[in-house]
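Submitted below is the structure of interest, expressed as structure tokens.
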Amino acid sequence: MSVRPADFPPPFSNDEAIGAVTDAPDERIDVGILIVGGGPGGLACAVRLGQLLDEHPETRELLGDVPVAVLEKGKQPGSHLLSGAVMNARAIRRLFGGRIPIEEMPTYGPVHGEAVYLLTKGAALRIPPPPTMMNHGNWIVSVSELGRFLAEQAEAAGVMILPETAGQKLLVEHGRVVGARTGDKGRGRDGEPLSNFEPGVDVTARITVLAEGTAGHLTTAAIDRFGLHGSNPQIWALGVKEVWKVPKPLHRIVHTMGWPLRKRAKYGEFGGSFIYPMGEEHVSIGFVVGLEYADVELSAHDVLQEFKTHRLVRKILAGGERVAWGAKTITEGGLLSLPSKLNAPGLLLVGEGAGLVNVPRLKGVHYAIESGRLAAEAAFAALQRGEVAHRRGALDSYDASLRASYVWKDLAEVRNMRQVFDKGFFMGGALASAMTVTKGKLPPKDFDTHANADAPLIRTGRAAQYPAPDGTLTFDKLSSVFASGNRTRDDQPSHVRVQAKVPRDLAEMWQWMCPAHVYEVGDADGDGTVEVKVTPSNCVQCGAISAKGGRLTPPEGGSGPEYTLT
Amino acid sequence: MAGTLVFLETHDGELTKGGLGVLGKAAALGDAAGVVLGSGVREAAARAGAFGASTVYVVEDDALASPLPQPRVDALEAVVRESGADTVLFAASVLSADVASGLAARLEAGLNWDLTDLRLEGGELVGTRPALGDTVLVEVGWTSTPRLALIRSGTFDPVETGGTAEVKDVVASFQDFSTAATLVDHLQEASSGPSIEEADVIVAGGRGLGAPEGFTICEDLAAALGGAVAATRAVVDAGWYPYAAQVGQTGKTVSPKLYIALGISGAIQHKVGMQGSGTIVAINKDANAPIFDFADLGVVGDLAQIAPKLTELLKARS
Amino acid sequence: MKVAVCVKQVPDAAVHKRLDPGTHRLDRSAEGALNATDVNAVEEALRLKEAHGGEVVVVSLGPEKAIESLRKALAMGADRAVLVSDDAAAGSDLLATGYALAKALEREEADLVLFGQQSSDADGAVLWAAVSDRLRRPMVSQVAELTLEGGTVTGKRQTEFGYDVISAPLPAVVAVSDAINEPRYPSLKGIMGAKSKPQDVLGLSDVGIEADRVGEAGSRTVVRSSSPPPPKSGQVKIEDDGSAAERIVDYLAEKRLI
């Protein structure tokens, strides 16, 4: 009888992430608009709000001493941002009203050329880029650097950015969102307050924007509380990437499919790699695997290491040195997994947290920015004198504007692309081509997705193919966690919720799955279950565990990776 | 090198090893004189001749009775002036670091610290200093005289040459502010042994110990060596040993002369907390453990057998 | 009572600290955080202020963006920040830095000047002793416990031989070790209020520092080159055949470690 992660749900209820205001009035902090998440979506929202409030000081006055605040759980904006990335510049240009040329923003230049390969173990067959993958006119960026840039712009526009601050609980009263409570700091391993214990604070706001990115903690709870579930469950992929300093510059972006992933439908291995030049001296290389895979021993980190041993990749990395590593999940469900509405009384959902990612095109950064901008405009409108920001429907203009935008149009075109790969690479490929050519009109029915945690586990001895880490080309997980800049304080409560005793297959699956080596198979209990050993301080908060039977919650603010180049 | 002074400290009436080691190095590079400052230190001072000093300058004064740095800056200034020395070397210690730095300001002189080597190159003095957690070696120099240098503790061993030194007394005057701080009391360390930050020897335990009880092996070995016990993140997480003993990226950084790692795999999170140690000895059952990549002496074997035996042998020697 | 705390900014990301290949000095381009033990010093200053009243000012020397890390001290509760920032001061060694800091501190006329002192030998310069000499004030370093009473500061100073208890009259300079306290987390209100606290960025002339006393011109030491350390030589790996303990003893004896 094979094990399904979904049968072992985490000891966590979304109710834990929702609560009423408990701080006394002089203890709580009141802001005009609270944005949770300092990524491209949240910061674009902040920048746009800053612009609007500059143009309309009478509205700014209505919002108190701190009109706009952004909570960011990382050490600084960018610390938890990781992506490929090749970005469509249209949204960021629009955000700055054309006043800042793209050349003045932190990018690694426009895409000069593109190649797609189908790999086998020994060969690389160049194939014409699928129509969804034409990147001419797009720009190569580090989303971490972009985050730092957007944060500077937001601060210049009068926005208050609060780093090292986690959004722990959504504050809801009388059926509307009234802000968020920040996380405690200075608790010991068993939750006991240490000598420098600093309790979290209720931050109240007229409108709260959730821009938490993938596997968002408050977003997940909000969708549940306000009944905003979409038609399909949300699904994710896990991406692991490295940045390398290389002697020989790469002059085009590369995508690969095929090896080391397996094509047959029963493995459920959907994904591929990206290799992008970062200027003349660096490359960004990553591997993405959909989390509906079935094999207990599949490890995205080790698949990346294996991938690097391919002749094609060795040539690119030859003589180089790894300078960064990181991992993050990618929201993959597309249009059909989006929440039924992206707003509720006092609440707006933007970016990847809302599910706005175009998987076949590997794009999401510009949707985050565009949705952040549209959310700002809707929030601004709802805060005008005479409006009641939290009344039912006050923020519907956000959903309307998003549905009328290119974001929606793009997602509709590719809405079934990901799901058909359930049928395996070749069948999926054929269906995907049909979709592209007809711009989503064929095939006519919408395909269902299965939640990642529903996939029953199988064993195939996959781990035997992973290369032993040599410390030069291939690396083990612990040294990779170190390379992410992670130096999380050990003596704090565990932020990862998983059942403590599970069948061995499940514990092993988690052990392989997690790129940061958070889970280990512990002692057997004689009844077929084993204890799960958790080392939460390794966690880089990628979110994979939330897709596969557990639940990630935010640790103490400032914990986790300190990405700068990813 | 014309005129090098070496700052020699005394403790319990004896010249300390660190200063004598630097004296030996200085004597190998050229003419070296010792400097001994204190109250009742003339007898000890004379013994510097046996370790390479041709001359020993002594400043005897009540103001120097307590181990405080600022009066020593005044005294050293006087010796530098009187001797015409162009170089002053210090073996690093809590006291000497403050003296060297204060003297640098007083003489408007350059100070290089944490040096692990000194050499002459074309008449110039060149120092070597590890940086960035001992992952890089930097070469440093001076652009004027006098040149001041702090040598990392334990770098040079004393060399007994058996000579004698001429003892010269120097009289110093002391600034008011130099003598404003006073020693009120002295508290000896509790006999539980040195802290891991101060210890010359550390015995560290990891998951290979098997169980919390395994730390008795570490404690016994540490006691036999007069050292302290440390632990990896993994065992502290598991509650086997207190957080105060954790060495590593998220614990303490240590650099003892000897680090013995028992049952420790050597992941980089641990390595960065101890890679500056003088000599690293590792005992681990797993021949492929990363710690063997950087251990000076790696022993593949069962620590439960080897470590207690080692403790017995060490106790028998002393 | 006025307490001045000298702080410095250090490279943030723990991972790729590197030396600039041109100057062989620390590449500070990814700068971010307050040096860890400086945070202990700020905490100690705040505790003194809570007990005795007065003002806490943080003083630093560095590039303009160092002002961001001074905000952390303000967020913790310090009242004012002073940053002396001038291109001419880049590349200052201990002597030049000590001179510049002393000049900046003279302006403040604090009763007590605090420094943070790492307990393990690191990139930290032994600045406090140089600064005390220039300010002509008594100094106590390596302090693990500090009390202030009636114009006298008393510190428990940790040495290789135990603890010395030293007293000095104010005005004085004290360097505290990281064992002295557990620094507080800045509260959210503190973080939000930090930005509006007084932050002065001063040039050399504002502080009366001559350009030839700082930077390379004011330094008396140079960095000549840098290189990776020679690979570890003489590494020995053995398998236990029953005699490992004896072989370890021989090895340690040969290296004169026992």
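We just call them A, B and C in the order they show up, numbering each chain from 1.
Simple rule for what comes next: a residue touches a chain if its C-beta (ideal position, glycine included) is under 8 Å from a C-beta of that chain, and two chains touch if they have at least 3 such contacts.
As the structure is a prediction and not an experimental result, all values here were calculated from the model.
Chemist: For the pairs B-C and A-C, output the one whose chains share more C-beta pairs in contact.
Modeler: B-C
Chemist: When the mean CA coordinate of each chain is compared with the mean CA coordinate of the whole protein, which chain is closest?
Modeler: C
Chemist: Could you put a whole-Å number on the gap between the CA centroids of chain A and chain B?
Modeler: For chain A versus chain B, the centre distance works out to 49 Å.
Chemist: So what's the Cα centroid distance for chain B and chain C, whole Å?
Modeler: 20
Chemist: Per the centroid of Cα atoms for each chain, what is the distance between chain A and chain C, given in Å?
Modeler: Whole-Å distance between the two chain centres: 38.
Chemist: Among the residues of chain A, which ones contact at least 2 other chains?
Modeler: Chain A, residues with two or more chain partners: 482, 487.
Chemist: Out of chain B, which residues touch more than one other chain, so two or more?
Modeler: Those would be 249.
Chemist: For chain C, jot down the residues that touch at least 2 other chains.
Modeler: Touching at least two other chains: 14.
Chemist: Would you pull the chain A residues touching chain C in the complex into a rising list?
Modeler: By the definition above, chain A touches chain C via 29, 66, 69, 75-76, 160, 162, 165, 182, 185-186, 194-196, 198, 201, 203, 323-324, 482-485, 487, 562, 564.
Chemist: For a test of understanding, state which residues of chain C touch chain B in their complex under the given definition.
Modeler: On the chain C side, the touching residues are 14, 17-19, 24, 26, 93-95, 98-99, 102, 119-123, 125-134, 136-142, 154, 156-169, 172, 219-229, 232, 234-240, 244-249, 251-252, 255-258.
Chemist: Flag every residue of chain B that touches chain A in the complex, lowest number first.
Modeler: Those in contact with chain A are residues 233-234, 236-237, 243, 246, 249-251, 267-269, 272.
Chemist: Of all residues in chain B, which touch chain C in the complex?
Modeler: So the residues of chain B in touch with chain C come to 11, 66-70, 73, 92-95, 97-102, 104-106, 108-114, 126, 130-132, 134-144, 150, 152, 157, 175, 177-178, 180-189, 197-198, 201, 225, 249, 252-255, 257-258, 278-279, 281, 283, 287, 292, 294-302, 305-307, 309-310, 312-314, 317.
Chemist: Which of the residues in chain A end up touching chain B in this complex?
Modeler: Residues 189, 478-479, 481-482, 487-491, 535, 537 of chain A touch chain B in their complex.
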